[in-house]
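Chain IDs A, B, C and D follow the sequence of writing; residue 1 opens each chain.
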């Protein structure tokens, strides 16, 4: 019999995280002899640390953590490690200082995702143009890594594309829509928008449509949401990165089980997150979230 | 002789200047507003355009619409911090129901639920007389939970965005003016009229100004307080229609933090948190100032958090000016 | 024995929150096996210490008739300073700077409240937004982490089997209780909150007195930031969001009046522990997070209601 | 008596005695435009009780607050024992030995009696600790001197109003001050406590303390004081020897005319019973109350503070739920559970605390007066400014309300005029029964007699009136019939024409059966 505890980032903030949780519970219930403790930090680091401590106290066999912040959870991960409980990081990695205390990481490579988006942007604009960026919630590792990957790759691959300005959209479609409205009044010419996920990307698209300027702009996002997929179908949205929360959850659970059972697992367990654009979208199922 | 004359003259001028400065101080918020517009127009050529103004007012319309109801609650002597999650709840509900039962039913049913929640607030605060800060804080958390339970945490979306008249509220135009702006200003006009010119409004001011005296005069404090929460729930529901129609979808936490922005707007407008005084017009100016700060700083290229620093200073200065002018002294006199 | 029973009874009447704490303990220990472990109680104490430290200082401010909504942002600033600066000036100095930032911002809030006469709710609502701005200006949205594990080790260390952070919290709570109930400053805190004009007329220097309490509040918020950052070995700009609301909630549950003039550290302790136990117990029971929100909100209102029922004097009350 | 009206004469008491304290040319304005004091001068001697008189708003309390360092004067000097002193804050005044016992309760409710008595100077031990033993010891001693039957450890919020005032007074005995100011100390004291206070004042006087005594009650002024200074409209009107003057003269100084105290007792024709109360009880507050009021009749309800009169009024007005008995209006049983019903049924209550229960101080006079008749000044819920102004104008004239306009904030009016606004509010509802609870508490003689006249007029025009009062002259002056309350019960009922003061005192002080 095994007992696995998980503390998630912020279930309910968007469909991705919610679908992840559902998939996790489903996968767990299909595994015999597995008991799980499913907790949610609600986006608050302090609460996540408390939940880690509670899980350590319950002496679970392994802990999966979806960090609210890659740096701030390092000490409590170390604490778990010292208590002899293996820790698996899911979705978004923790800082280098914590790597020695974890059994494995399982999730997408958010830096790579940023790079993919940069490449798509380059392609869409033929290497030349002025763009704006709408990033995720400030301070969140996923947001930081995607932005980092995007900016680095864009500079290398496409020096002709200039990022005029970056503003956060907090993973929130309405917020992103407002930010985009301001961009539209500020800049007469916008050739592309990179959004940290499709939720925000579609918000930006809404704003551009309302201003009658959507046709001139290439929209590129990440984490393909259903709304992004549909916009792509309509030909309004250029591309995104396909990332399945179900894969994400199942991979994390499997990694944890393997670790408990003493199997060798690779330290960095990336699952595949391919580019999805209008031209290849038929190869992908429409996201359920 | 000439001495006396010049004395009288200078005395007269001084009192005239004093009168003006008093008038200015009392309209401090308006002065600050105009000053803002001037400064931003000087530094950013994009700022002073109809387009930009329309964008800003449209963006302010959601917060502004909620602020109308909250102003009434505050004049009645209470606070409402639950509007943020109520906005999330209503938006999620109306968007989700749209594809299930059509726009009319969705709006109707959502209004029913919004008023129900308003009634719970109103009952707890008006009839059971529990502290409004804590009750609405508790409701803030509970409503957020209910929203999440309702959707299971999933985003909600409207499938056929082009083919529904629901789009009118957030995206439509009438006489060349964006519909959200019309809703916002229309509601404001009605609310200001109700507050200033009807028996209902007078009762709200009385109950907020001195609840005991109001009751001793035969007014029903509990019923009045109850009704102010229905109104804030109603305006929040209207804001949710604008928001849902504008985005054509919703996340579960879309309204998070709105309660504080709304409150900041109400305070900036000079409505006293003690109750019994305030005005919708000034609340609107307060909300617009917040919106213009955000927009103006963004156009000037400052990072988004710069607006927080400016908001800090503006809130304190505006309220200070207001108080100082009625006090007749810049600083308090106690040590 | 009789006096003990009497004391217990008056504690229940004045602070029904302890009754609630007792009820929670009974319910959770019957429904989950890990709840009654010593280790779990240590956890609860450590976990509550963050909100708890904030609440200690804030209790003074609230009894004083004011409020401070900026404590969450102050916490973040202090944490960021303490963590970021330690690589350049060393841990002790960095921590000192962090704590000082809290004291200075407290003094600023207090001075503004005193001199302008603007209500503390408004002043600190502004500061809550503005200080968060300061944090972002300082951090440029980045998180900082402590390169030296010694810093984080402090957060997990124990003295005589008791977690250092829990011990620190308990000792400071005792100290603050003593100051509030025994010292002249503490008694004047009630006087100023209970009837500000009377205090002014009696010659208490109300302005400086309030500033001192705001500084105490700022200090404790900053201290909470430092201790939290030792638990994380890091600091993030979003740290402490909503903490002010939880701290105020705990304090009010503990019987401190929002209008000032009444309250106690013992009550605040009860409020903080009640929230901590609830969260911990619901974690252990695996209550789904969406339901946790509903339960917390409902309980908050329920406790307020019960408190009113217990403390009301039906005969004196008018049908208003 | 020719020394009246002459400012030059102030302080020239008897040859050779210089005042221990003198104020010269004190001016104080409150923004935006209230001139509370306008060049007032005034002096007190050691061992003297100096009464300060004047109408509501004359500036008495303000002058004393300047003296106590609470307000800073715009102009003028304060001399103590001949030397000019600077008064920046209340502490300065205390250090000079000047003590002010406030008119409004200035207590901290959640603290103990002892802490309140020593507020601002709790005894300390190192480091900054309160010396509780000394605190309670000293406080108990003071309470004993004041013959108080409560403990220094009691919470102030648990005390009755009268006891709270005793705590306020106890502050005078913390140190032996050079000067003590009592600002309307007896407004809510019972007679027993009043006499204790007078003893204390005599003691202080004997010790050479200079005492300033403010009161609207002439009898007290004439019993206690050596000299009287009168203020009017923020200006000094004169100082007289008490022995050499009389009430008439003082009144004329105060209000600039003499008072018409005739009661015009026209044994009016009383109509049918309007209000009939049968065996009304409310828990422990009052029991078995039965009385009736006829049309055109004024019934006075007299008793000590705490006898339960306010509670009866509140119960009649729907603010409390009775535990027994019934109330009939025009012969029909009334079941009133809230004030709205009360108003609808033709009841009106002028409450005892006009600032807290009577008025919304931040609103205008007009808006306050129309508060209970909003439905009459509106159509379809929309207010008519014109109709509101009509109502205001009507009652402003009828009641002679002194206010620059209807738009004036009611909080800016003097106490007497505020009270008239409250009365106006109720007259506008055309009630059948008008209940007035302490209608003249804290109100100067001038306004007081106006209000008394008004009450008589109202009765004559057909109202049934119940007047609750703790002042014997008031009850005797306005009522046709008097109910004496003792400890929650009616302890006697008297016809005004037959009652003696003695009867009344006995009926409110001991358990007994009165006679009709």
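As a convention for this text, a contact is a pair of C-beta atoms (placed from the backbone, for glycine too) under 8 Å apart; a residue touches a chain by one contact, two chains touch by 3 or more.
Here's who's who by UniProt: B = Sugar ABC transporter permease; C = Ribose import permease protein RbsC; D = Ribose import ATP-binding protein RbsA.
The shown structure was predicted, so the numbers you read here are calculated from the model rather than taken from an experiment.
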(Q) Quick check: which two chains are joined by the most contacting C-beta pairs? (A) B-C
Q. When the C-alpha atoms of chain A and chain C are each averaged to a single point, how far apart are the two points in Å?
A. 34
Q | Centre-to-centre distance between chain D and chain C (centres being mean Cα positions), rounded to whole Å | A | 44
**Q.** Centroid spacing, where centroids are CA-atom means, of chain B and chain C in whole angstrom
**A.** 30
Q.
If I count partner chains per residue in chain D, which residues reach a count of at least 2?
A. 89, 319, 338
Q: Identify all positions of chain A at which a residue touches two or more other chains, and write them in rising order.
A: 11-12
**Q.** For chain C, residues that touch 2 or more chains besides their own
**A.** 136, 200, 205, 289-290, 318, 320
Q. Which of the chains are touching one another, listed as pairs?
A. A-B, A-C, B-C, B-D, C-D
Q) In their shared complex, at which residues does chain C touch chain D? A) 182-185, 187-188, 190-191, 194-195, 197-205, 261-262, 315, 318-320
Q. Once bound in the complex, which stretches of chain A touch chain B?
A. 11-15, 17-19, 21-22, 165, 167-168, 171-174, 177-178, 181-182, 184-186, 199, 202-203, 206, 210, 225-227, 289
Q) Which of the residues in chain D come into contact with chain B in the complex? A) 31-32, 72, 88-89, 317, 319, 338-340, 342-344, 349, 351, 356-363, 367, 371-372, 374-375, 378, 381-383, 425
Q) Hey, which residues of chain A end up touching chain C in the complex? A) 11-12, 37-40, 42, 44-47, 49-51, 53-54, 57-58, 69-76, 78-79, 95, 97, 137-139, 144
(Q) Per the contact definition, I'd like the list of chain B residues that touch chain D in the complex. (A) 22, 197-200, 202-203, 205-206, 209-210, 212-220, 276-277, 327-329, 333, 335
